[in-house]
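Structures incoming, each one as structure tokens.
Below are two complexes that have chain A in common, paired first with chain B and then with chain C.
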Partner chain A sequence: MNAFVIGDAELCIGCQACMVACAQAHEKMPTAALNERETPFHSRITVVNAPEVTVAVQCRHCEDSPCARSCPVEAIVQKNAHIEVIKEKCIGCKSCVLACPFGAIKIIEDDMNCAAIFISPHDGTAHDRIEKAHFVVEKCDLCAGCGSPACVAICPAKALQLVEPDAIAQKIENRRIKNANRIRLYRSQLA
Partner chain B sequence: MEGLSTTLGSGAMTNSIAELHTMGPGDTIFAIGTNTTECHPIIGIAMIKAVKRGAKLIVVDPRATTLTQHADVWLRLQPGSDVALLNAIAHVILQNGWEATEYIAKHTENFSEFKKIAARYFPYKAAEITGVPATLIKDAAKIIGQSRNVAIYYTMGVTQHTSGVDNVMAVSNIAVLTGNIGRAKTGVNPLRGQNNVQGACDMGALPDVLPGYQKVQKTDVREKFAKAWGVEIPEEQGLTVPSVLDGIEKGEVKAVYIFGENPLRSDPDINHVKHCLEKVELLIVQDIFLTETAQIADVVLPGAAFAEKDGTFTSTERRVQRVRKAIEPPGQCKPDWQILSELIAAMGYPAAYSHPQEIFEEMRQLTPSYNGISYARLENESLQWPCPTNDHPGTPILHVGSSIRGKARFVPADFRLPAELPDKEYPMMLTTGRVVAHYHTGTMTRRCWGLRGVAPYEMVEIHPEDAAALAIEDGDQISVSSRRGEVLAVAKVTTRVSPGLVFMTFHYSESSGNMLTNTACDPTTQTPELKVCAVAVRKVKSPGVHLADTGFLQQNTAPEGVFHQPALSNAPH
Partner chain C sequence: MKTPIITIDQELCTGCGRCREICPVGAISGMPDTPHEVDSTRCILCGQCVQICSGYDSANETFATSRVERLKQRGMLPTVKEPLFAAHYRGDINAVVAALQQPDTFTIVQCAPAVRVAIGEEFGMPYGTLTPGKLSAALHALGFNRVYDTNFAADLTIMEEGAELINRIKNKGRLPMFTSCCPGWVKYVEDQHDDLLDHLSSCKSPQQMAGTLFKTYGAKLDGIDPAHVFSVAVMPCTCKKFECERPEMNSSGYQDVDLVITTRELAQLIKHCGIDFTSLPDEAFDNPLGCYTGAGNIFGATGGVMEAALRSACEMLTGTPLPSLELEYVRGEEGIRRATICHEGVELKVTIVAGLQYVGSVLEQVRRGEADFHFLEVMCCPMGCVSGGGQPKILLPAQRLEAHAGRKAGLYSHDKSLTVRKSHENPQIKKLYENFLGEPLGHEAHHLLHTDHQQNRRAV
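Then we have the complex of A and B:
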């Protein structure tokens, strides 16, 4: 079963520290270098700061991943206990973006390590091929490979938690016991 | 500062932040004019947790914020109508006998005058002025009147009005009326917007006081400082910021020395500020970055950042905290105390300090409220002033027993309209504020990769109805103009603001809300009315396929050279 990070709207203050931590965790350079190189900022978690609600939203790593099923090139795969995008395989078709019910998949401009895509313009004027921006998709990978999720670690309001399969099993068990006790009390009251 | 000094005898936050951690059922948080979760996130977290434990929350704000989402009662008032709202709350409290009769009799004065004024503010009348339904006013009054403890928190939403002092005193009146003073989990708590704004005020960075709010008009005060410093202390008050600008225009002020402040973005009506600062004969700016203000200075003095200096900061809850140098200042940069020390030495005053501790020692000998605080004690203790003696434990709660001025004073005021209201030419109202990622004029935060990343450019909040009438869609480039200037920014269509209201920040140099704001001031404190002015909005450009394609974002996302001026450690001096 997949793990996932979930936000609590009763605690989130919308500070966006999770977004900064996420973006930084997925860059290899120190922040001073990111500044100097004008590295684009990409966060895989987004704070929804609507008039009615404030909470961070990101990938739920669904078991029946509509994103992976809609991907025509198998760029979205199950890896260990999470769903991962293989950026190199992504063709930027956006099917997964449409399929995701959480809005957790983002389209980002990829520099492809400075390689370029050239395409013929259809304006009938010239045969010259023009350089085109390259877009791929990106989403939460639970910081796989860098230990625990950076967003959970940074959250000052403790509004984010990593839900792991064991924890779910434990929670279900606890609720069963709680309910069983409720039934017992109810029965004793009846008696 | 002025309002609370008049009513209670001290302008500082009365209580301590940690009390929020103990609030629960029976306690009420009354937050007015404060977007706490964005502007004071740690205090915001504590508020939300207290609400989760069962404390009640009343929020007064014209805008939907994270705090309003958690409120039991949200009073969505017209900006600038605070006095009418607070008087009406007092009216309902008095009508129902929820006032603290015994406390009022023993510890207050001028109650009968206050009663007279409050009696006129019927909720239905206040509803017409404030736009808040009378039933909600009654609900809020009931919660305030019947709670065991009510802690009031406020910030610039209360003070940055032409009626700022009246607003503060109206807030104070509610606390005094209900006896919510001098106990834990109560009080009137202005949250300071910066790490050391309380400390700066404490040290006399106000026109009429020496350190510790000792009035410069008092002969004994002047004599004490004259004796310690060996110089004569001038009797007349200094100037407020607006009067400095006036003085420049009249040719009376010849030199201005600004440090740690960027008035060319943080003061209202930037065009006017620029005109004045360009006109002044000598402009000295001391800062850690070459701010917009420093760029027009005659002399720039490179200061040190927080991690590059020793000293103390005094937080919003009057807590004096030791700051320790972690790294050396780069290049020619020096800590502020050293620059000032060298400057006064160059001007012929032999002040030779080798460490801020010596300055602190001198200061505490002259400042009764800081007298018991020393660097030695700060090693192991965390002290809140007043702390008059070396064995005094500090004061987490002010006005215990009775208020500092003796009796807490009711100062009633009538509602006054803001200075500039929407009209035919400028049909919308602008209110200004902040976003969580940025600090003030963005001098520091816009140089941080992550903070810049989450909030890269100004987003003007506008209600869907207004947007539709102006054919503006979310993400469109719009122009916002007032009698004082015009800025371009991106529209954020949202019900966060009411119809007729737009919201902007002053973080973004290229689209600063302060190009538009009004210099009209509170008559007592000269605090400008940054929260209300009249503007016109029009659409400039649709975002098209991709915002970046318009060229707008590239041109406008950062102050010039931001990325080529590396952060703190390499200040460009």
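Then we have the complex of A and C:
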């Protein structure tokens, strides 16, 4: 079963520290050098700051992965205990963006990928091709390869938690025991 | 009236409160989810809030203040590309640009040790890459007339501070003696523990010693009028901006250091001028005030001042050098470290504090008269100057650890690679005393290199 990170709307203060942390955690360059980029921070987590609710939203790593099933080029795969996008394979078709019920998949301009795309313009003479921005999708990978999720670690309000399969099993077990005790009490009251 | 040195941009602050938590003196207040504010009367200007802040001028949001306007407000170059965070320091780079363009101004620059192990990060080099040669080359390329070094003055500090410590021990002066290199620490003692001021060494910081010498000895060597000297210091520290503006820092007859810029501001200037830092050929710092030893260089790490002082003081006290120059027992990263050095019948006890939040219990011990040590080194920032508020910004805790460790390793490897590793063996320091200063703690040295903390306090 897949793990996932979930936000608590009661605790979240909407500060977006998770977004900056997320972007940083997926970089190999020193922070200072990143700052030179056009878009310095590509975050895979988004803080929803609506009048009625403030909470961070990210991929739930669905077992049924509608994103992966909708991908025509198998660029979204099951890897260890999470669902991952293979950016190099992504063709930018956006099927997964439409399929995701959480709005967790982001379209980004991949300025780190040097492979330029050339395409014919509308009036289309073949020798007059224009360079096109390279868009791919990106989403939470639970910080695979860089330790534990950076968003959870940085959240000053402790509003984010990593839910792992073992923890889910434990939670279910605890609830069963609690309920079993309730049933026992009920029986003794009957007697 | 200049703008405050450390402020939080009310428009960008998200109220996450991480700056409030990291502030070692409780100078930041605010409710969660609302913009925070700095109390400038308590703030010691260490800039740790600037380092940790993650609220920035995201392109996805619109702000009343435009980016162009914000850069101007902060005294930054218009070409700066990096995101602008809520907690920030006052930029002073425009005055440097102006001074470099004045034909009749003689510009002198100095660099703190920690700058040479961090500035490479701004140009994509790995954390802690050691680049003294490129740093010197970049400063020459920017047009500074003399590229001197704070490390030289760090060696000089050891001569004076070492002599002062020995003097206090021999003549039953006030002990333990506190280091006085870190301006945030000095400000903290002044603001909150002024009954302990006489423990502080009377030595000025290396930055200020260097500044004084540039406009006296240095100007004399070059045969120029010190009135035409514009002296710039490149520092990993935001509090150094405050230190250079202290009213008593004018022993040369002028403001000793005219302006302080941070490591980041220098990197921005290098980019602004189109200098390709990574491909610069190595150049040396200018003689004589750019000549330094390994001891001067390790000032940038916590325990470094102590180690440099011990290398010289133990030898001065006993006449015999220490058997090894790697004083591992004063290195490290714990908030409070204690060590006892036994050498040729002399026993010296020292304490080192890294991170101002740890100093409270040590000061209480001193106040109660229970401190059994001779010498206390305090640096406000968690790993010493390598982790200063003016260093390249790092956003994640894990990356911060990696960067600080890398920068420290860079300083120590530089020390190890230098042939002269003890401050009192610096040939230019010997020459300076012979030709200009006389003896450590002598009349001229006292006038130029020392300050009276209690008098400064009364003057406020």
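We take it that the second predicted complex is superposed on the first by the 181 of 191 C-alpha atoms of A that agree within 3 Å, B and C clash if a C-alpha of one lies under 4 Å from a C-alpha of the other, contacts with A are read in each partner's own complex, and residues count from 1 in each chain.
In this section, a residue touches a chain if its C-beta (ideal position, glycine included) is under 8 Å from a C-beta of that chain, and two chains touch if they have at least 3 such contacts.
A quick note: this is a predicted structure, and the numbers were derived from the prediction, not measured.
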| item | value |
| --- | --- |
| Fit or clash - chain C, chain B, common chain A | clash |
| First (chain B), second (chain C), both or neither touched by A:Val20 | both |
| Touching partner for A:Ala32 - first (chain B), second (chain C), both, neither | both |
| Chain B versus chain C as contact partner of A:Leu160, first or second or both or neither | neither |
| Partner chain(s) touched by A:Phe41 [first = chain B, second = chain C, both, neither] | both |
| Contacts of A:Pro51 with chain B and chain C, given as first, second, both or neither | first |
| Chain B versus chain C as contact partner of A:Glu10, first or second or both or neither | first |
| Partner chain(s) touched by A:Cys151 [first = chain B, second = chain C, both, neither] | neither |
| Chain B clash site on chain C (candidates 73-81, 343-351 or 433-441) | 73-81 |
| Residues of chain A contacting chain B in one complex and chain C in the other | 13-16, 20-21, 24, 31-32, 35-36, 39, 41, 156-157 |
| For the chain B and chain A complex, residues of the former touching the latter | 37-38, 41-42, 44-45, 48-49, 52, 64, 66, 69-70, 436-437, 447-456, 494-496, 563-564, 566-567, 569 |
| Touching residues (chain side chain A, partner chain C) in the complex | 13-17, 20-21, 24-25, 29-33, 35-37, 39-41, 146-147, 150, 153-154, 156-157 |
| Chain B partner contacts - residues on chain A that touch it in the complex | 9-16, 19-21, 23-24, 31-32, 34-36, 38-39, 41, 43, 47, 49-54, 156-157 |
| In the complex with chain A, residue positions of chain C that touch it | 14-18, 21, 32-33, 54-56, 58-59, 81-83, 121-127, 264, 267, 271, 392-399, 403 |
